[in-house]
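Letters A, B and C name the chains as they come in the text, with residue numbers starting at 1 for each one.
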Amino acid sequence: MDFSGSHILSIDQFERSDIEKLFSVAEGLESYANKQKITKVLDGAILGNMFFEPSTRTRISFGASFNLLGGSVREITEAGSSSLAKGESLADTAQVLSGYSDIIVLRHPEEGSVQRFAESSRVPVINAGDGSNEHPSQALLDLYTIREEIKQKGKNIDGLKIALVGDLKYGRAVHSLCKIVSLYDDVEIKLISPPELKLPKSYTDLLITSNVSFSETENLEDGIKNVDIIYVTRVQEERFQSNQDAKKYKGLLSLNKEIYTANCEPNTVIMHPLPRDSRKDANELDSDLYGNPNLAIFRQADNGVIIRMALFALVLGVEGQIEKTAREVNWHVSRDL
Amino acid sequence: MDFSGSHILSIDQFERSDIEKLFSVAEGLESYANKQKITKVLDGAILGNMFFEPSTRTRISFGASFNLLGGSVREITEAGSSSLAKGESLADTAQVLSGYSDIIVLRHPEEGSVQRFAESSRVPVINAGDGSNEHPSQALLDLYTIREEIKQKGKNIDGLKIALVGDLKYGRAVHSLCKIVSLYDDVEIKLISPPELKLPKSYTDLLITSNVSFSETENLEDGIKNVDIIYVTRVQEERFQSNQDAKKYKGLLSLNKEIYTANCEPNTVIMHPLPRDSRKDANELDSDLYGNPNLAIFRQADNGVIIRMALFALVLGVEGQIEKTAREVNWHVSRDL
Amino acid sequence: MDFSGSHILSIDQFERSDIEKLFSVAEGLESYANKQKITKVLDGAILGNMFFEPSTRTRISFGASFNLLGGSVREITEAGSSSLAKGESLADTAQVLSGYSDIIVLRHPEEGSVQRFAESSRVPVINAGDGSNEHPSQALLDLYTIREEIKQKGKNIDGLKIALVGDLKYGRAVHSLCKIVSLYDDVEIKLISPPELKLPKSYTDLLITSNVSFSETENLEDGIKNVDIIYVTRVQEERFQSNQDAKKYKGLLSLNKEIYTANCEPNTVIMHPLPRDSRKDANELDSDLYGNPNLAIFRQADNGVIIRMALFALVLGVEGQIEKTAREVNWHVSRDL
């Protein structure tokens, strides 16, 4: 894929070489995200950060990433749009809004809407979630986190052993992750969920076609033995017919220190796309795991910034110019206050 | 008018020479709006982009224009203001908010409110719409679009022939456009509307006083013959007593390819203040016009950025310094992806 | 206190020497706030301006202050947060959001929430109000205003005579002001309120312990004689059981020109934390005081920007580097249009 000028709409666009390229640019951006340096490579550029559905952290993460490259951000945070209410087509909205910025990040509640918007946009569009369909930067930051975490043990994504835990039926993040790890060799997946929330057949078919070995279980203890990564997800309450239905599954697969210690290899990494449900009845990841250095969930969120910076840099074709405008940070940096 | 330090509240402030000056600055800003260059002339300046009524695209257009000059933007997007609810006067709000920025853009639902706000503001205020009253930058960008479009045919605004189509009774954009073209010579206007939505007498009186020749018809085909510009507007549903009343008029004056081809001079330009209603029952401009190079509606929206940049530059008195901070754009520009 | 890298959560953190240090930095920033110069000392830094409760002017004031130092601002203005609704703990929210910025300003409706958030934040947090609990920058800007106003008469905060007027029971601003002036010598306070809205005992106890002399009255005319400052506050309607209860007190202690002239020393300064209730039934400060040069309420609001700039500069440790990036302002400054 030639990133420069491209829309980023789906994880399906990415071949293995594209991911390698993205991750290599991302690595070079870490020192900027960590405030060892600043760059102004996108000084003068404008991001249209258009959220037609609320998603505070994804919105802030994209906006901050653009700021870290030196650019400005204009935003929509309104759930509804007055213009759509007045009968404007999505194509018109795209034509008009794309006149206001150099690149657009779009979240929209309707499946397929971002693709349609992109067709009429005059600037590149990054999909930040269209309903339950796609949210490619999430899968990319997940894979980047996996890579960074296991690299420290001398491993790489080829040969990865990963347990996917929770609502595998409705979880968009898990679906995209299955797609993206399918690009790698010798991957083994443990699918851990209640029978009613199993991974849909289209995804298990994909795993088979891609030579990913997998097994399914509803037993958390069994599933998390002998893996590199445990990827836990939230029960997507909002997708169930009734709250009652969703409640049945809450807390079923709660991971805590005791279960972790008794069953996991040392240094098994724990991930979660966040937000995690920390209420007593759900408790997806018990608070007694909080001090565990293998709990990678906040490093994972931080990696969102790095991956989004890399996407912006590549799509706007400035990945080779970042160092040119680099400067030392002159304020007190206290990331670990 | 001395733009520097002035409030921009109404189209009535503008004489023909003011418009010429504004348009001349606007022309110089086109290469910045089109990302051939960037400027930082307003680096360090802050715009207070205060929208007490939602208007996504006008808000983003003003904000992006200020960013394109290098300035920062602080925003209000809330429909209500907690302070007004606590009994604060508009004068106090103006005093306080004008301490936070170098210039304010204000949209407010109440007619006359922006004028009153400006009286207590300590920085210049640009009216971005006060109810059904004024929205001067819309009329200015419309006239700028007319000028740019017909210039290509060797014509200028003196001698303009324009058809105004749709809801001429409630359409604020049409009213302001009548005022502003009245400053020019030998203008001819075709007013095309259902009898109940005719241009109000105060505006036809103005046209008479200003020696603008005009005629009224309810027949679209007749009205659009032999004009340079067709300016179509939306039925302002929200102004009617009932939805039923508004519905009667929807779709009555729908322009499509067949009607256009059968009646218009070659290269008749089509404009619309947007959003246009693209639903089947309204269809103000049929989608079969989409590929027509004379459909200027998105160029018109783009011109909003240029005109707003010019207003900011003139009101803040930096119109002569823009080139000084100019720099090449270093990212991949893909306006026509 | 070592400001650098610290959270600013409560006025209780401040000793007299801290306040002196803050005010000295603030004085150095006045010329930047007044647009005589610009500085880019925080160019590349990001503020997370997180308002989980609406407060337009406090939000804009903090955001503008950060822009004035050259930094960028990402914002939350939503009353609710989708993530908290999904069961995310405040600790998780803090961990994630603190990965997106260099410093966070947080307003939150729950008492104590900002403290808890700060414990999990990886960057410094400034409390912009947690329910009825703390809002330290308000007390600091109030004291700074007092100091600046009476300095012109050759006085300083030691020896200050101040009347506090209105709802002294629920007014958070008044409570913090009592705390902060207790750090100074020979302060005299007149507490003017209806008996039911008297200053709570914990605060009068503090005044006693701190050797602040005070007296209580419900008579406005008596109380405002012979003071340097009259600090008027709003009846906090939203804290009363019923609107009826609150109404009894509205307008009881309305200050106007006649009362002021008949009772006050010449040049007695009038302050108010704003918004003031200007409706007829409340009329906390009559509009006939509008032209009085001792009405300091808008200078007080302006000082909010200066104090917040000083807090940012100190917490991020750049207070010594501001001049380095200073530059002349090149646009037309019209603060007194």
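Odds and ends about this structure:
Note that a contact is a pair of C-beta atoms (placed from the backbone, for glycine too) under 8 Å apart; a residue touches a chain by one contact, two chains touch by 3 or more.
Here the structure is a predicted model, which is why all the values come from computation and not from measurement.
Shared contact partners of subunit A and subunit B are C. Comparing the contact residues of subunit A and subunit C by number shows a mostly separate set, under half of all numbers used being common to the two copies. Distance between chain centres (mean CA atoms), subunit A to subunit C: 40 Å.
Counting partner chains per residue, subunit A has residues 72, 77 touching two or more of them.
Within the complex, the subunit A residues that touch subunit C are 35, 38, 40, 54-57, 60-61, 63-64, 67-68, 70, 72-73, 77, 234, 237, 274-279, 282, 287, 298, 301-302, 305, 327, 329-337.
Interface residues of subunit A facing subunit B in the complex, by the touch rule stated above, are 4-5, 7, 41-46, 48, 72, 74, 76-78, 81-83, 86-89, 92-93, 95-102, 121-124, 315-318, 321.
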